[in-house]
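Below, each structure is written out as structure tokens.
Across the two complexes that follow, subunit A remains constant while its partner is subunit B and subsequently subunit C.
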Partner chain A sequence: MTSTLLAPRTLRAILPAVSLALLLAAIFWLQPRTMSYTGLNLMLNLAIPIALATIAQMFVLCVNELDLSIGAYVGYVACVTATWLVESPPLGIAALMAGILVYAGLGALIHLRNLPSIVVTLGMSFVWLGVAVLILPRPGGTSPEWIRWLMKLHTPVVPFPIIAATVIAIVVHVALMRTAYGSILRGAGGNPRAIERAGWSLLKIKVVMFALAGVFGMLAGMALIGLTTSGDANIAARYTLLSIAGAILGGCEFVGGRVSPAGAVIGAITLTLAGSFLSFLRISPDWQIGATGAILILVLALRALINRAEERQ
Partner chain B sequence: MKRTLQGASLAVLALALAGGTAIADTSGKRIALSNNYAGNSWRQAMLRSWDKVTSQAVADGVVAAADAFTTAENQVTEQAAMIQNLVLQGYDAIVLNAASADALNGAVREACDAGVVVVSFDGTVTEPCAWRVTYDYHSMGTAQIDFLAEHMPQGGKLLEIRGLAGVIVDDDISRGIHDGVAANPQFEIVGTVHGDWDQAVAQRAVAGILPSLPAIDAVVTQGGDGYGAAQAFAAAERPTPLIIMGNRQDELVWWKEQKDKNGYTTMSISSAPGVGTLAFWVAQQILDGQDVPKDIIVPLLSISQDELESFLETTEPGGVANVEYTLEDTQGVIAKAAP
Partner chain C sequence: MSALSRPLARLLEKPWLWAFVGAALVWLATIPFTPGRGAGDVLTAAFTFATFFVIVGIGQMFVITLGPGNVDLSIPATITLAGSVATKLMDGQDALIALGFVAAMGCGLAVGVFNYALIRALRIPPIIATLSSSFIIQSTAIAYGRGLRIKPPPALAEFTTARVLGMPVLAICVIVLAALMSVVLHRTIYGRSVIAIGQNQRAARLAGIAVDRTRLATYVMSALFASLCGYLLSAFSGGASLNMGEEYLLASIAVVVIGGTSVAGGFANLPGLWGAALFLFLIVTMLNTYGLGAGIRYVLTGLIIIAVITAAGGRKPLR
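Showing the complex of A and B:
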């Protein structure tokens, strides 16, 4: 029993959850007020859009690519949601669908031309930002009523952000980790040649994964507008780095198709809580980015140790 | 036992009465400043004023704490998270200089729902549950024309220097100037340039338009552009008109030099970074249970010919003339705002 518990594989799987639990315990100890329905609600609601963006990033990571445009894309979605989706829903829906199509197209382009995704998505980030500024030249707009209602939902007993995070993690986990096609998708990151030899189209897989990133990025932008109630082209500028950090923190790897949806959600929540933790400690926000980095390095160092233990076995 | 309790409560009551003022009521309250940006001299002065006034208030026992927090990246999501954290830390009021007029409404609403008083100033928010402390920038425009009407009853030709295009403040001041000119038809605006509230930009812009202009009698400005305009007139070897100043230290120094040399007369008007301290007292008054209107208009800080020396003394090089508000000043402003 203890041997399975201490096996490196199990350790690596539970490391994100353990770091989250430790952080949460520290926050409760520092600020007991947070240990309540309202407290958890306030602390975690901004983690939902970050978790969705992290899942989007995870899909891209899964096929050995990196998306540097996710923050700008979430900003684009936010601007569409705060304007067109309210004023003329058909136009808004069309614009959101177009965003997903562009993502799918990027997947195809990157695969067919064998382009580095970092360059393509970095370029796209400026395109998204430019379009967002065109749609909403100055901050404003309103949230569609139903999104606002959903994000403000006061669920009984368990706060809504926790339920939402759990649902996101379970849905993506089941789809990606427990279905046959999910394992094909992950295999395309782990061993693309084998997947291709088995008769699967790598092009199709990349298109699907990028389209999924587009879908979850869209959900992130809509959730964000539900919380802030109005948009701004730069509203999610930090999401690019947060989503990469969250995915890595949650046990995903940059290459090899090794990802974990539950871990990614936990990683996103951990990063959000780290911000609260540091401000409860009265650490100046100027240091918070650095401190977030330090937490990241700490967790990655632990994971490297576990990996080494695994190799030794 | 019961009698001692009664005695004790009587003693407390007597103490409270002896205290007389409303001060005792907020001594346990904690107020936080949530600020989105600290990267220019105006914001630095704002934070210094806050620190000076609130640390005195804390020392006097008016409030228990008044801590200032600034976001690192001037990001809406970052400030929303900050507001939520401040609510969780149990602050009774949040004084807010917001990164966005609308995009923080969700977080502000949550703070209000949690029973926290939110007072926004400078960068105000539109959420109805928050208080707004704003400058009447329209009056900054009309005040300049009123001053000119008094000093140049015969009227004259004006050059208008505007601020940063597309910003509401620029629009408000300019509307004030044009409304003032409409009410005083002896004045005529013969040229308009954008100086972006920056001396170097203003100097370039004025130098560019001067050759095409007739003799200018006065220059109406928005602050941060008066010194640049004076330099442009000097470089073009044209007579220096009456230039309205904007409380910047370099402008006041230039005004003082001219005043000593030839009795040059003008005025200076702009917003004072000390408005943050007024917002602090507004929050304190609300926590004290006072009835405070949701929209509070703060008069702009204007400097007259006689006050020049005293303001010049207290203004740091590179800074802006400032004024810190006291509780009494604030009560006066609130009384004026009440319907």
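Showing the complex of A and C:
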């Protein structure tokens, strides 16, 4: 019994959850008032768009690519949502669909021309930023009524952010980890050649994964606008780095198609809570990003230890 | 084939040629629309700003040449940190210029060693290692440089903006530097080790190349060049600022790739860095001259970079 509990595989899987639990315990200890419906609601609200962006990044990581444009894309979606989706919904919906199509196209382009995703997505980050600035030159706009209603939903007993995070994690987990096509998609990151020999189109897989990233990035932008109720082209600039950090914290490996949707959501929540933790400790916000880096390195170090233990066995 | 056309054919095969051709075309498309400013002025400005792109580009190029997955994402944060530390230490005094330089290089050394220690000790891909460390470096720079309003030493500022016959002195220095690094790349054991590791790390190790030492040296070098850029940039732009490194993430990678260096590693070339850096700057100048707004300018910059990568990149990896 103890041997299965301490098996490297199990340890690696529960590491994200344990980090989150420790962080949460520390916050409750520092500030007992957060241990309430309102407290959790306030602390976790902003975790939802970050979690969605992290899932988007995870899809891209799964096929061994990296998306450095997700923050700018979420900003673009936010600007579209705060303006066109309110003023003329059909135009707004068309713009959002176009975003997903562009993502799918990027997947195809990167695969067909064998391009480095870092460079392509860095270029795309300028494109998204530019379009967002064109749509909404200065901060403003308003949130569509239904999104605001959804994001401010007062669910009984359990705060809405927790329910939303759980739903996101379960839906993506089932789709990616428990279905046949999901394992093909992951396999394309693990051993592309094998998947190709088995008759699957790598092109189609990359397109699907990038399109999924586009869909979840879109959801992230819409959720963000539901919370902030006004848009800005730079609103989600931090999301690029946060999403990568969150995905890795949650146990996504950078190569080999090893990903974990539940872990990614937990990673995103951990990063959001780390911010609250620092402010409860009265540490200057200057160190907020640094703390993210430190947590990242700490978790990666723990994982390296676990991996080393595994090799010894 | 006649004797004359053979050198021409060889020239056309050079991967860096296209970056220069692109830069020249953009320049030609710009000059008819520069009111009051001559074509030479545009070129001077291009050389001035391209210099900084090339400095970080050299370090990034060596890192990328180490093979797939090798890239230094901590360059922007390192630029900011070195710029802030050096500016604060020099405190605007000419006598402390050397001290500031040593401090900036010290930052670079520390960052480079830290980066490689993460890569080795945690056995994580360099992208993740340099990303994580860049968070910490950025925070250190922010905390250290908050409220920093110090002017750079006048002599140093003068050096970074000096010109000889319309050519920035700094650009001439960096052209010499690039030439030196080209020799290092192609003619020294270190440089050839970098290329060998990029082509096949396993084979390089079996052939007795000191893989770890070479990789460590390369990451340290990249951080040193980023620090040098931060040091010079803060002097050039009248002081350090917290977002001074921002645009150098894209720039450092873009100049390497547009310049004809293989993203798959194992194949590098230095002249292309200059062509690509000039090209990148001239594009922004061109879009500015055409009087386009910030939004359109961003979109076109992004699209042009993607178009160039699509046209130039796409080389299949060697293996």
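By definition in this document, the second predicted complex is superposed on the first by the 313 of 313 C-alpha atoms of A that agree within 3 Å, B and C clash if a C-alpha of one lies under 4 Å from a C-alpha of the other, contacts with A are read in each partner's own complex, and residues count from 1 in each chain.
We take it that contacts are C-beta pairs under 8 Å (C-beta built on N, C-alpha and C of every residue); 3 or more make two chains touch, one makes a residue touch a chain.
Treat the numbers as computed from the prediction; the structure is a model and nothing was measured.
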Open item on the list: Should subunit B and subunit C be called a clash or a fit once both complexes are overlaid on subunit A?
Closed with: fit
Open item on the list: Looking at A:N234 after the superposition, I want to know if it touches subunit B, subunit C, both of them or none. Which is it: first, second, both, neither?
Closed with: first
- [ ] Could you tell me if A:V86 is touching subunit B, subunit C, both of them or neither one (first, second, both, neither)?
- [x] neither
Open item on the list: Contact-wise, after the overlay, does A:I162 reach subunit B, subunit C, both or neither (first, second, both, neither)?
Closed with: neither
Open item on the list: Taking the superposition on A as described, I'd like to know which of subunit B and subunit C A:A13 touches: first, second, both or neither.
Closed with: neither
- [ ] Determine, under the contact definition given at the top, whether A:M124 touches first (subunit B), second (subunit C), both, or neither.
- [x] second
Open item on the list: Contact-wise, after the overlay, does A:Q288 reach subunit B, subunit C, both or neither (first, second, both, neither)?
Closed with: both
Task: C-alpha centroid angle, subunit C to subunit B via subunit A, nearest 10° - done: 70
Open item on the list: Minimum CA distance, subunit B versus subunit C, superposed model, integer angstrom?
Closed with: 6
Open item on the list: From the superposed pair, tell me which subunit A residues show up as contacts to subunit B and also as contacts to subunit C.
Closed with: 284, 286, 288-289
Open item on the list: Under the definition above, what is the set of subunit C residues touching subunit A in their complex?
Closed with: 69, 71, 118, 121-125, 127-128, 131-136, 138-140, 142-143, 146, 249-250, 253-254, 257, 263, 293-303, 305-306, 309-310, 313-317
Open item on the list: Under the definition above, what is the set of subunit B residues touching subunit A in their complex?
Closed with: 69-73, 75-78, 80-82, 84-85, 87-90, 100-107, 109-110, 114, 166
Task: List of subunit A residues in touch with subunit B within their complex - done: 31, 33-34, 38-39, 42-43, 45-46, 138-143, 224, 226-232, 234-238, 272, 275-276, 279-280, 284-286, 288-289
Open item on the list: Going by the contact rule set out above, which residues of subunit A touch subunit C in the complex?
Closed with: 66, 109, 113-116, 118-120, 122-134, 137, 241, 244-245, 248, 254-255, 284, 286-294, 296-297, 300-301, 303-304, 307
